[in-house]
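Two complexes are shown next, each including chain A; its partner changes from chain B in the first to chain C in the second.
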Partner chain A sequence: MSTSVLGRAARTGRARLGVGLLGVVALVVVLGPVFAPHPYDAIVGPPLADPSGAFPLGTDILGRDVLSRLLDGGVNLTWMAVLAAGIGVVLGSLVGLTAAYRGGAVDAVLMRAMDVLLSFPEIIFVLLFVSMLGRSTVLTSALVGVAFVPGVSRVLRGAAIPVVGSDYVLWARVNGLPAGRILLREVLPGVTSPLMVEAGTRLVWAVSAIASLSYLGFGIAPPAADWGLMVGENQDGLSVAPLPVLAPIALILMMALGGNLVAESVARTVGRTEGRV
Partner chain B sequence: MEVEVSGVTVRADATGHDIVRDIGFELARGSVLGVVGESGSGKSTLALALLGFARKGATITGGRVVVDDVDLLALPEKELRRARGSRVAYVPQDPATALNPSLSLATQLTEGLRLPRREALARVRSLLEAVGLPGDDAFLRRRPRQLSGGQQQRVAIAMAVAPGPRLIVLDEPTTGLDVSTQARVLEVVRELCRSRDLAAIYVSHDLAVVAEVADRVLVVYGGEVVEHGSLARAAHPYTRALLAAVPSSTHRHRLVPIPGRAPGIGADRSGCVFAPRCAHAAEECSSRPPLVEVPSGTLARCWRTAEVARSPRPAVVVDAAPPFSGDEILTVSGLNAGYGGRQTLFEVSFGLARGECLALVGESGSGKTTMSRCLVGLHEEQEGKIVFDGQVLAPRRDKDLRRELQYVFQNPYGSLSPQRTVESSLLVPLRHYFGLKGTEARRRAHEALDRVEIPTHLANRYPAELSGGQRQRVAIARALVCRPKLLICDEITSALDVSVQAAVVELLRSLLAEGLSMIFVTHDLAVVRSIADTVTVLNQGRVVEKGTADAVLSSPTHPYTRSLVAATLDVPDTFEHAG
Partner chain C sequence: MTRTHHRPGHLTRALTATALAATTLAGCSAPDRTTAAGSEDATLRIAAATDPGETLNPYASNQSPTQQLRSALLYEGLTRLDPTGKVEWALATEMTPNADLTRWTIKLRPDVKFTDGTAFTSADVVASVKYLRDPQHAAQGLAFIEKIDPNAVEAVDPLTVRIGLSAPFGPFKDIWANVLLPMTKAGTAPEKPVGTGPFAVKAFTPGRQSTVTRFDAYWGTRPMVGTVEITEFQNQQAQANALLSDQVDIASGANPTIARSLAGKDGIQLLDSKGDFTLRIGLNTDVAPFDDVRVRQALRLLVDRDQVVANAFGGYARVANDHEGGTPQCPAPGVPQRKQDIEQAKKLLAEAGQPNLSFAITTDGLLPGMRELAQVFAENAAKAGVKVEVNVVPVPELLSKWGKWPAFIDFNPIPYLPTVIGSMLPDRVGNATHWDNPEFVRLADELFLAPAAGQCSIMNRMHEIEYRDGATVVPAFVNVLMPYRSRVRGLVTDVNGRPLSFLSNVSVGS
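After this line comes the complex of A and B, so read on.
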């Protein structure tokens, strides 16, 4: 079924490039901390030193090793992005599928509520709550996830409406199967393809949203190493030493681009085959 | 001869296999040739090839289509395009998509004519009258959606005939129309051919319709012409098998399904295409027989017509069961129902005895679908009383009631989840109703599949890998695992080919014999005769007639039922004399 959609998507050049990029980033994130030559928060040299044998990418504005911080700084971003995307997709599917299945007043209320949420730009939405509740990585990821819910729910509601109207779902209703089981076992398998595309896209958006928040100082707190944070910390030294800013940007870009390419190739495969399994 | 077709072959580009092969026939002015075949036989490809057109992915690789001394297939693209419309015209299956919804009939009908508007309009008016529609300005100002399906189809026919073609190809023009509307369209086709000296090719899967409208019939199977002549004199085993599978509205006979499956495009074509499913197949059938004249007077592509002709037709007339005297399992009294304030059912009452099959008959818009939805509890806006097995049925009902009253959907392509295997679809109700899992559930599922004659190796297939008939039988099996007392079948054979329909009807009949009660919702009186004990006729939401199947179909009393019976077509009854 949906695995064959993935299989067909994986054969496209676009998807292979994406998987390659994501693979490189994943290696950096997973193995990086092991290979980091210095502790990420130790001041080991003069600020903004040029690349040298001891510091292959130079040092940052406080004199910490850029390479070590780079190798250490992906973990937080990754788990936060995954958590945010997970929360967004799970809650969004729940809302979207419930709206599609119940229809009528439930549908109207849920979707209007989503419209209200949608009217806040996601960064502003997160900033609003972070400034009220204080800074925490889990809170930030959760808020980013919640900010995704309206978009995900709209897409899944649209995908689920034809499935909910199909005779096999009608059969399950006629036979009085519990609504939860119908949604989970009958409707959900019918929308796996858009769901996968949605999960991929949201993951990419979560990466950029969380990196932006860290850059703005509302995500991961210093002195922790984080790619988004590194861009923010070192931007004043950009004219002297560009590497401490450009290196984390390159990694964020690879992560986002890779995810985007994979999600898009799945979406295109789904579109081309009209979701046929 | 007006139309001469020879050697027309269309090939699928991807595989290199022929979709239709070596089609040839002649057709005189003013006559109608019927092309009949089951789904996948290549009849639509053939119809389009006659206009020199092949769908994307297919190519016409050879042959001649000579209309009025011009070979269409030899014309350059530009001239061919001009010839379409003026020499050959096409009427597609679904008139709703053939007509542009945003153009008035006047614009639509005159745009293909290279005439000054005044003359064009005059011609269109007379044509509309010829197809039995008003030709006045008010009618010409209408748009397609303001017409009924039958009117739309007649407009499409008028549009095809307007530029004055010599040959008109109609692809299933009455599929989806009610029988009374169908009768009018068929009459229009015949009348147009006679009065305008037109040759027509009428493509259909419905043998009764083709027998009614056509002078001669071309039977297509596996992309080849297997027989050419009159259905009443059928000599080819496939044609005879098809006729034996068609139910009759005048008497109840045993329907004989054709075993096996129709060949796909990639099938081996070295011998007779029908041999793998033929009861008369012998050694010589491994070489391809020619289309030759046989003693009965038709042209047949078969080596063994002499043996086939000697074999008797298995026309087993089944007697109607004696009237049921048992208690009623279902009683509907004074049921009113509607959608959004519009009432669609008015004071409907009927009863169903235990073990009986009741046919709910009506044309589109009669309320028969609302009725069956009320029974299974899908319909909320209803008042009246439905008593099932001693309990009053409300839209909200308990588990046992739901289990005992099972519903089988019309469309087998939508009623099974595409993400579940056959077995898994059957395990769902077993778990829900009986809490069964594992081996015991699987045993019960296989038992039900056995009952509907689905081989065990199909249990792990997905619906997309099954044919329409197989899916419908799986859907029936899913109802059977619930151990129902009453089965509601909503037009369950209307999407199936006749040979497959025969198998499903015979299956339902054997279930009835085992004591199941059944409500069969349909518009097809022939199917009613072959399965139902009693009939309730619905018209515009009201019950207009009820009684035993034989009484209602043989001597209908209500004018509506009478018109319905009169409009129902049957296949030619006898071909015994063919030997």
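After this line comes the complex of A and C, so read on.
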């Protein structure tokens, strides 16, 4: 089963590094808020103060403790990225599998619709709707997820076409099993490996997309602590106080890089074994 | 501020419009003109904010900062403000009212030439005033001259104009100092407006760059630089980078953080104009609970003004007292400085039946410090259990719902008298708080009839009403910051935050 793909992938050094990086970030996200020395939105010192005993990473542009904001700022990014990747993968699989299974006109219509969606860069797509509908974290995550649907659906359609043509699926169709059940029970297990790779990759993309949106001011609203937002808020002071910008960037980087390494090693393992389980 | 003034204010803060003054300031460190002879044809390069929609028309509605900056180099009004905020004569030399202040006779400055070489006369003033006064043109300055009767604007002789008003109005001279009310050659606006300023347009690419060159037959002090080049940048950090890499000589917009990061750099200095520019939180009195003065007072008591100055504005500000400024000529009004008082605020909120008040402050965050002010306020308010969210929206959204936001960040860059006319009286577009205080209105009418000597005491009584009953939280007067290369000499700070209006003594060394 695909667990063995995961097992084989996990034995690579690349994957271990990735898991390690993700583990560190996860610790910061989960335990950080407990250890934050100050409330994330409290103004506790002069703006852009140098690191000191009281403020180990200095203060930000408003005089808030950078360390506290850093420790508090990963939660939103994490759940938003997971939600976005989840929406993208679920909807994308649905579209991709349906297109592969139905074929013909349904396939053509669905895939051309995906092509239209694909022609919007994901950030532009999200900005379009956020500027019309207003800013909300759930909306932003959902939009990022929807922006991922075309990519996911294309990959899954490609992976599902050979499975749909295989004898056991034909058998199920001949016996008149409902389409939903065939897709779920017969086709889906055949595309687990590409699905996992896709989920991992989309998670990484979601992290960078949502961090970018917060940086641009269209994601998480101030005064919330958020890594992407922190970069945007403090960038003007970069030359005076680099830490308020560099520290959140380092964490975003670790999160994205870690996820990327894991997804990459799974993909390589799948590639080496040609998806065989 | 009015919606129309909203953007000009942005402009002023971000860029500063140039009003073409040829003022020679006593006490300013003007460089010796003889030693500067080598820089006669020097070019002064100014970085400004991008405005793709800009035109050369000084009467356009919703003018951008950059457009005003350039127009002010090209056009002049009947009067102007000096860097200390005093009104002085420009294209006019005398204004005399009739007994009941309903008709004004304006004497024009003789021997003034337009930049195309033709003479400036009363016909041009009549044409300009009529153009401005026509509501169809939607000129941004219209709000300030609505008392003018458009059918009673007439040329008496080539250097005399008579203007009739629909209601008595005393501070006529002050109004014309507004940068939005310049005089252009008859028949040239809006397509190819010609002004009387010390510079004329040489090249103009909207959204990119404009170049203006010295007009040698200018009536006032001849500028020392031959050319001014205004280059537009997407944001203030880009302006700062252009300054660092020596692509420009002055960055006309810089927030406190950028100013601070540039401060220690080699060859860069900071022009720090302290004035009465206010950034304030407007509370819509049409919306509960802000219709209750106790709630408004409670919110004013929640602000830690020292923290706003230090943390929202990086120290480049001074504490304000919940009333507008813009009256540098007057003594301070006798009201005590309001300080943070959480207990009193809680008490007022409880009395008003709002112990768990929660609301959002909307801002477009366009000016430095707007977003920061909202956040510091939110943090301060939390101390009394008041929950404040900061709602950052794009500029067009803020403007499209102008007057409807329950709480919003606003700004005011102009002197007190036009502020009153444009944004504090009821039913003005600029009055987005819909504040309507009958006593204030009565005093404003009194102000419009008062002789110059009596104005200060009336204005101070108006400040007192703002302090007691007003609908804005005014925590600080903010400085206008412009980093520049030290080879630029002769820049002066300006109490109205428009130091680039005063270029006549500016020179650029090598």
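As a convention for this text, the second predicted complex is superposed on the first by the 277 of 277 C-alpha atoms of A that agree within 3 Å, B and C clash if a C-alpha of one lies under 4 Å from a C-alpha of the other, contacts with A are read in each partner's own complex, and residues count from 1 in each chain.
Here is the rule we go by: contacts are C-beta pairs under 8 Å (C-beta built on N, C-alpha and C of every residue); 3 or more make two chains touch, one makes a residue touch a chain.
Because the structure is predicted, anything quoted here is derived from the model rather than measured.
When the shared chain is aligned, chain C comes close enough to touch A:G63, but chain B does not.
By the touch criterion defined above, A:R173 lies against chain B but remains apart from chain C after alignment on the C-alpha atoms of chain A.
In the overlay built on the shared chain, the residue A:E186 is in contact with chain B alone; chain C does not reach it.
Across the complex, chain C is touched by residues 41-43, 46-48, 61-63, 131, 135, 217, 221-223, 235-240 of chain A.
Interface residues of chain B, counted against chain A in their complex, comprise 376-378, 397, 399, 402-403, 407, 409, 411, 414-420, 428-429, 432-433, 462, 464, 478, 482. Listed in rising order, the residues of chain A touching chain B in the complex are 1, 166-168, 170-177, 185-186, 189-190, 192, 277.
Residues 236-237, 255, 257-258, 260-261, 307, 310-312, 314, 365, 371-372, 374-376, 378-379, 382, 389-392, 394, 397 of chain C are the ones that touch chain A when the two sit in their complex.
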